[in-house]
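So that you can tell them apart, the chains are marked A, B, C, D, E and F in the order they are listed, and the count of residues begins at 1 in each.
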């Protein structure tokens, strides 16, 4: 049962400590360390998997996933801009966050499924990498249109060379080149410790989530509703796509979760540079204060239950 | 001991602008800078986090008054509206004045 | 470029008072603050450690003279006797004076 | 033989490096990381153990241990105040430190006994948690009496929500809820690495101990004597209590060690807020500069030897 | 609130000189100091690294003018040629002047 | 094949990220942590090995290695001073760097050989410790001659008590005293995680190497050539010595690599204090920007290939 999965309990501990205004914090250097190890580990796992099979058959799946990454922000934007009356820049920036993915959420769903003994396509990290970027581009275009003003070169660097993407993609390439045997000697750090390090990460995420509540209150109800409602819609889209692509039940749960997750690493940094007039606390409050907790506490088990209905036997 | 007067410009701002900010400083004539990690609170709320998400940095430049004013107005015009940032100026005495630009103020 | 004068209050003190100190600052009218981690030595000996055991922090507030003096005397009255702490005041020029309180000094 | 236990050798290395004025230091972020992992690991271990057995039978033991936590500072205070001529606030603060426990010392005695192949009640971390707090309350009352001036609410937060207590108690709860199987996936970080991380912790503790010697010299002989004499008395009390409670020989050694240890995490922070007029360098110099080294180098083997006499067969 | 004037001496230099620098300060009469980790750029290039390889530190001393000048000239004579270092002086107001040395300037 | 060794791939990733001006950096506290664990781990491994055999037979080897540590800077100095027209202080400082050793390079050659299944004398870390210091003394004498001005006492502290030497030598002593069984409980951190932590270290080293390129350009071609040419010569000397000393093929590769490596931990700090007029960016640019990358990417496989010719059967 997810709620009992200890890594999730660490998140709950963080939330509780935060609500009780404990002085607990992960030193920022430690938080960076933990995040870097998670990103590299997820990349390595995916890369090793890629090295096990021909790439060609995956290309159609990859394209479909990228298409989803382009579609989601286009769905989110009008809701935020028209229904939510958010300024164009804010709506575009939030849309980019929700079109992209949260690596932390991926780590939790992977841990959840393995704890449940549900198999999934181990190359999923490839999708994580692919989903990071497209939504950012869409978000920038939504905010600024096709005008010449873009310094796309510099933006490209911001987007593709942010540490998040570099570590994830770098890990993927290393895993791909080195293969299972090559990676084995570094497995003790990146694989055996994965869940323990994820636990520390979630402890801090719980504290961060609470620290967002203040901003969230200021953002008002609409954004709070969006931060739960949109992930549900996105999960439906992601799940359907997974089903159409013929992914395993587990893989379908993962893709639904990825679609439902909102980025808080690659996108904020890129948006800050590309669309500075957007208020970053809106998107962070929604992504970290609502969507992340919702997904790991309720969303993932929910998406899993839904997929179980699709595949009575299996999952 | 002979000292000369120069201007100390201190900027506290969100870490996300670091590289861009430094490029601007140097273009505007700063011959050096010092950065320390910081956290804090201001009009844009509390800023205190790792992974650059909402960390601050505190940047100091010692330069001549003209350069200091050029940098200050540049920051006001290009950063104040959208980024968490404050700056303040103070007079300081330095030993090797050349190092910090001839005072043309 | 139009600048106005404000007061920069710098406090160096043991980290253990952080939360209490910040609460007092804001009550006394500070509209913001900046904190950096520090270590050092003074009348109460060397302060240099992790886990807050005996770390220092360096806190800056830019505000109007009246607020600065109010904070300074409050700290002297309520912190000096028992906590490792020093403070000093300096005049600085700022651009957006409103942001730091109207100068009623 | 304790002195050869490598984790203790790391402490010796730290002391040697400190005495030779090496520039060696654990970065404070790393020291916090290491401390957090130790606290969580100890809590988790104890919680898992709790999940294995009914709580009820332990309640009497717990109450007795809390009573000891209330008694010890009441014994220490008069010695410090009257015999030692220390100011009321200082005497009360030091008494609180010695009535509470040192998690680092617990980690060493646990490592020592497992290295010696001596079993002990694995739920001992519960006692560590229980012993953290009572002495603090007694210390505050000794320093300030029952006057209304207390902002007990705020103090309570300082006491119970300091990161030390939160991590220890939080780990305990997580271990309890998740149980042995639930915790297994995070065991590689929290259990397999425990002794290695303890070694790094002790390296820094050695450096810290030396850095306290300067203050210690200023404190004078009496405090130095107290920092060795009182732990011996407390160990006698703790050991006797363990024997009365029918703990295993190993458990008796642990309880004696806990009684003999002096806190340097929860108590200093709380006392700083509650009794600011107390000079913190007195209690830290005694606890870190004398008692901690004494316990891990001499005390623990000594308490063990003493218990061996009580239980010729066993231990 | 009664304040007196003292001098704030700020030194930014490569971390490798820390212990030696502190010894000199105290010998020259500083009664305390505050250090923060820093990085930066100057005549000797970019300084930004771990393991002390090329980190900077930012050191502040509040003292009387005479002591400040004594320290400043000592640093100029013994450090400037070979070490990455800058320093600047500013006037500040303090509350407990004795703490920082009688002003003999 | 070395280039495929994943730990080396992490170095390549760091270089790539640096060249593309990514904002990736290891927080300095994490870099220190990683370095400390590597130094302790290498020391521990060597110490455990020492505890397995009598010391006496090794003494001649040790003396020969120290002699090499004294010889190498004496060879490097004239090249730098006369051929390279470098100022006396700069030539002496760089000579000291190249006479000493790089612990990171040792870690890579050890990982490389174990990946290749080539055995070597496990006590090699003893040589690493022994090679750290002699070149520093020679460098100081080259720069300042035998004048009285030396505060050798203080210098001695700088040299022998820098954290690098303390951790390496301290780990060695602990391993020696504790022996294989004693060290086993801390093996999970110091041995099992070794390669993963080395990977993180190399990631940062790649970023650092790139950051040196600017300085390097300023240093000019000669220094760049020296930073590759001298290691080749030194490797020849070290390899020959290993062969003369009758080391195993693997041990010969290690000694060649040690000779070819340039220090960037112990020496820079000591030289900064002893010979401040030497420009530190020259030696760091050469050691970190050229020699380290050269050795781990090209040098090590090259020295291995050369030794294979010497020992057709074996290696």
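List of remarks:
One rule holds in what follows: contacts are C-beta pairs under 8 Å (C-beta built on N, C-alpha and C of every residue); 3 or more make two chains touch, one makes a residue touch a chain.
The structure presented is a predicted model; accordingly, all values stated were derived computationally and were not measured.
Different-residue interface: chain B and chain C share under half of the residue numbers found at their contact. Farthest chain from chain D, judged by C-alpha centroids: B.
Farthest chain from chain E (centres taken as the mean of C-alpha atoms): A. Chain D has its Cα centroid 41 Å from the Cα centroid of chain A.
One inter-chain figure worth recording: chain C and chain E are separated by 20 Å, centre to centre, where each centre is the mean of the chain's CA atoms. With touch defined as above, residues shared between interfaces to two or more other chains in chain F number as follows: 23, 26-30, 32-33, 188, 192-193.
Residue positions 36-37, 52, 90 of chain B are each in touch with at least two other chains. Chain F contributes residues 27-30, 32-33, 36-37, 157, 161-163, 166-167, 170, 173-174, 177-178, 182-183, 185-190, 192-193 to its touches with chain D in the complex. Of all residues in chain C, those touching chain B in their complex are 1, 3, 6, 8, 22, 31-37, 60, 62, 90-96, 99. The touching residues of chain E, when paired with chain F in their complex, are 14, 16-17, 20, 44-46, 49-55, 81-83.
Those residues of chain E that touch chain B in the shared complex are 10, 12, 36-43, 56, 58, 69, 72-73, 76, 80, 86-90. Put simply, chain D touches chain C in their complex at residues 26-32, 35, 208, 211, 214-215, 264-265, 268-269, 272-273, 276-277, 280-281, 284.
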